[in-house]
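Just below sit the structures, each encoded as structure tokens.
Here come two complexes built around chain A, the first alongside chain B, the second alongside chain C.
Moving on to the complex of A and B:
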């Protein structure tokens, strides 16, 4: 074989095909490099005060969501009765926080629900929607974008026409139709948000991989004989991953806001408490005109706080991935 | 040199790129309105590469030299023609044979800032070809390759990312990556043109050493004739997708015959103010590679234009009676008795398609 002749003129002749002892463990190495990269990014991210505060806020909300049953003083969807006579409470009870002589920290709603407990349990719904929707939108969008951008041609055309079609779908009518068909359930709202949200991630990731696949390092891998999947996973994906994280973190805030909006117009899940359904109920009972501000201010504040935190984290990460913004 | 065995033979290679690839344009085409346009990047190139030989491909920007190089390592599928490697025609090769070819053909790219993945360490970059081909003894091989590329001590570079390296170091990493599979031949596409002048000499001597110690066949692609003269055994000058002159380096540099080659060599500065030369300056721009002109592609810029034969008959690349090199020009008499004037009365449209007698590659 020509192969044999060639090997006589090579610097590798004395190396046989058995593994030697000095071999570097691949997985250990990969793990160490990943840890170093993440540490570096984490360090840059938490360097900024606003990002640090936002992370603390999100962490606080997460703890509240996890330990909701221990923090909440009442069942969120259980009507509160006063006295042993079993009389339903008055229109609403003022919060004990303001000095009223009741056992309800933030008062009750007109339906007789404890507002503090609703607020605590509402954190669960908000984070559930935000995290799951963001995870799937970033995941699906990245995968579709990578495949469309790398293969190009007909695959790209087909996938991008789907994205164009989704861009034509407005948020609320789509949710109304989906909820009407599938029933008003929190999971159906999450599904609708995922369907409508992955389009923008897919477009951005596609344009990135379109330019990445023409770069010489991808050509070098092709020359070495790398397959399509190898190139997508080793060369394209690591280079678009910061963008994926960025869209994921913005996606959390967007999904929470969208869920609150959907619940506010009355398409929310009646069996779960979310900040949006609380706002909707307060509007239905005209809490604003009766001056019962303790009903709608707390959920509004919580939505604002969580959404702003999400955006600030995303913004901070954007500065790492795109130094031009700084 | 390890004998005169032909390692790689390029047989009338053509690579045309389609213009207007949008889906509306292709829809229009399928309804019959308008023919697709093609860029004739490489249009009938033939040469062979012997074991241990270095061949230079020269020409100005856009003459198709990089496309030729990329076709050699199968980054492009040729539109027509074929590449024969080790008695295997690549267009008919089985998957296993392609894999074998991939292991033995490597490429070094022009821009070391673009040819390394910014998110991969030096070790992973160099080890990647080994992992693709499932070759054992990864660490030792990577270390040897880096040491050969004079990145010492090699361990110190293992965990570095490309942005931590200088341009010269990056190009050395790229060379180590090309060498780690122990290839038979390498295409080096302008390997030093993006480097600082101070670093070029070092990288060039590394490339020189690489050719010697690995017994490699190398195709150098460059517009820099003085570099090619230093590095190459043979030269091929390209113009608009065709080779216009091909032969031993010294012969072409000292005694260029094709008017285009003469102009190119004339443009190389001579480091001696006392040397007076007749300047042959090229007029105009490279012609349209979409609507290929009839006859000789160089006719509009040629200082030796001799009339209708240049306008109508494509000059084949062939051995000429008085010269060692092959020349594609009507100024000189064919060694094999081909008479271009016979083809003149024939329809000029035949020469447009580029399927005329020049397909016989002259053997030298």
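Moving on to the complex of A and C:
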């Protein structure tokens, strides 16, 4: 890209000279542009009460995830006691929160694990899956969408056929098959989600950049001799950034829901505790029939709380970017 | 580009997508770790008999031979035989698919009737407390996982109160499928089993049409013809349902077709919680026991439902909205 600009001696010459000092300056300007957009949106976003509450909730969960070892009272996957033949089915400990005389805040599972500690450590799995999957789905989707929309023609056709194909794959069954092939591991679940989920971001960003491409400022940059990558990264990207964030925040919510579902089915990572695996275990040991609600109610509430926060933040952001639906 | 060539192009795309899904599936299932024959072949079997069995499934042929045979069979809708039960996969699909469809369609009818009505009202009474609470309800419905709501419903109404059955589609000893599908569906016992999963799903799916309808209403309400209706002195209720809602309905129809496809594909979880003998649950069980033919067949049915309904949605859009141009 730099060579192209240099050879064409555009009106950008004074701005985009590739000498090292001005290179830094150029990046500074790019970053400033992005930062200003973000700051402006952050200001508008935190005006709304529901968004503020959601952000506090997410921040709270993040703190729990980071300080999990200090908050948890036991190791989440360490048997607290041994029963006959190693596995105890009906001899769980009732929660001390309900007045039982034990050291276990939320009691223990039928396998003898401390429920409270599992809940705390489960936050880590949820946030890990949510944030990483959302980052990559939004990132890949935006990149593909920008390239497809900007170049159009055959590039666009090829990329969008891939997106169409992905749209033909049912989400959970595909992730189930992928995880069965790759092995039940948290990272494989994240990978499977990324492989499938960038489709929606790509479609939306493409249609945005299709219309941006025709706008005067892009035409002006082209006439002035700016390279393709320069236009994509500095003229298109900052304009689609709000959409990327929107889909990113929805992506967090969807990824957490999907991980919980996969784990619930029994394809979760056996070496990691997540809210989904907790629910799966409680189902497997029929905690429902025994009425041990303290085992299966809390993990679901945590999922719901985190996911609705993601949705509300996304929605708040949507109202900023699309004032029509306010 | 005219309408005819759009339909042709879209049909070709449908075929190519189906082929791509099939091919990817073929590859994925052959990459899967674990020896699928170990589930069929018992350890007492002689080496010779074992080889013969593997041979009869064609698992020793080179990959491209297997692939061509796979495509041939796919076109003939022949998905082979289950490793596990030796039943033809087509029979298995024919058994489980109707169960899934009954559950999904019931849930969908409830969800869309409620969702559309609430969406119209919340768009109309914009800015009111009613609007706020419906939006929050819709978002909550979509945030809490369906399988979790299912668990809670089973716990409260099944285990504690004992008013709904804990699992399955029919009670043991009532004959089940043997009495014929229609008789079963119309029985009181079946309805008792259906009500909980259908209500949970209906509550979940309600959020989507509600939010779309609200947005669509807001757009329609800002148009001039609404002012004309008011100027004519029409009753508010007439304007709301006859003029605004009918024009706002368009995005719902295509969204519903697409959502129904994904609902059938996403039937996996709710069927697992309620032990509903549907195609999603069968797919999960087949994957877990490495029963390739069944997993492959059920997956293809789920994927083609989505692909086909997306296709229908695309075509319907052109018929329903004359302003759509094909370019």
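Methods note: the second predicted complex is superposed on the first by the 280 of 326 C-alpha atoms of A that agree within 3 Å, B and C clash if a C-alpha of one lies under 4 Å from a C-alpha of the other, contacts with A are read in each partner's own complex, and residues count from 1 in each chain.
Keep this in mind: contacts are C-beta pairs under 8 Å (C-beta built on N, C-alpha and C of every residue); 3 or more make two chains touch, one makes a residue touch a chain.
All values derive from a computational prediction rather than experimental measurement.
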| item | value |
| --- | --- |
| Touching partner for A:43 - first (chain B), second (chain C), both, neither | neither |
| First, second, both or neither for A:219, with chain B first and chain C second | first |
| Partner chain in contact with A:308 - chain B first, chain C second, else both or neither | second |
| Partner chain in contact with A:261 - chain B first, chain C second, else both or neither | second |
| Which of chain B and chain C A:167 touches, first, second, both or neither | second |
| First, second, both or neither for A:176, with chain B first and chain C second | second |
| First, second, both or neither for A:279, with chain B first and chain C second | second |
| Sites on chain B touched by chain A in the complex | 2, 21, 23, 70, 73-75, 86, 99, 102-103, 105-107, 109-111, 114-121, 123, 128-129, 132-133, 135-141, 144, 148, 158-159, 174, 177, 181-182, 184, 213-215 |
| Footprint of chain B on chain A - complex, ascending | 2, 5-7, 9-12, 15-20, 22-24, 26, 29, 33, 153, 157, 215-217, 219-226, 230, 234-235, 238-239 |
| Contacting residues of chain A [partner chain C, same complex] | 161, 164-165, 167-173, 176-178, 180-181, 183, 253, 257, 260-261, 264-267, 279, 282-283, 288-289, 291, 293, 296-297, 300, 303-304, 307-308, 311-312, 315, 324-325 |
| Interfacial residue positions of chain C with respect to chain A in the complex | 13, 16-18, 20-21, 25, 28-29, 31-33, 139-140, 142-145, 147-148, 151-152, 154-155, 158-160, 166, 215, 218-219, 262, 264-266, 268-269, 272-273, 280, 283-284, 287-288, 295, 299, 302-303, 306-307, 310 |
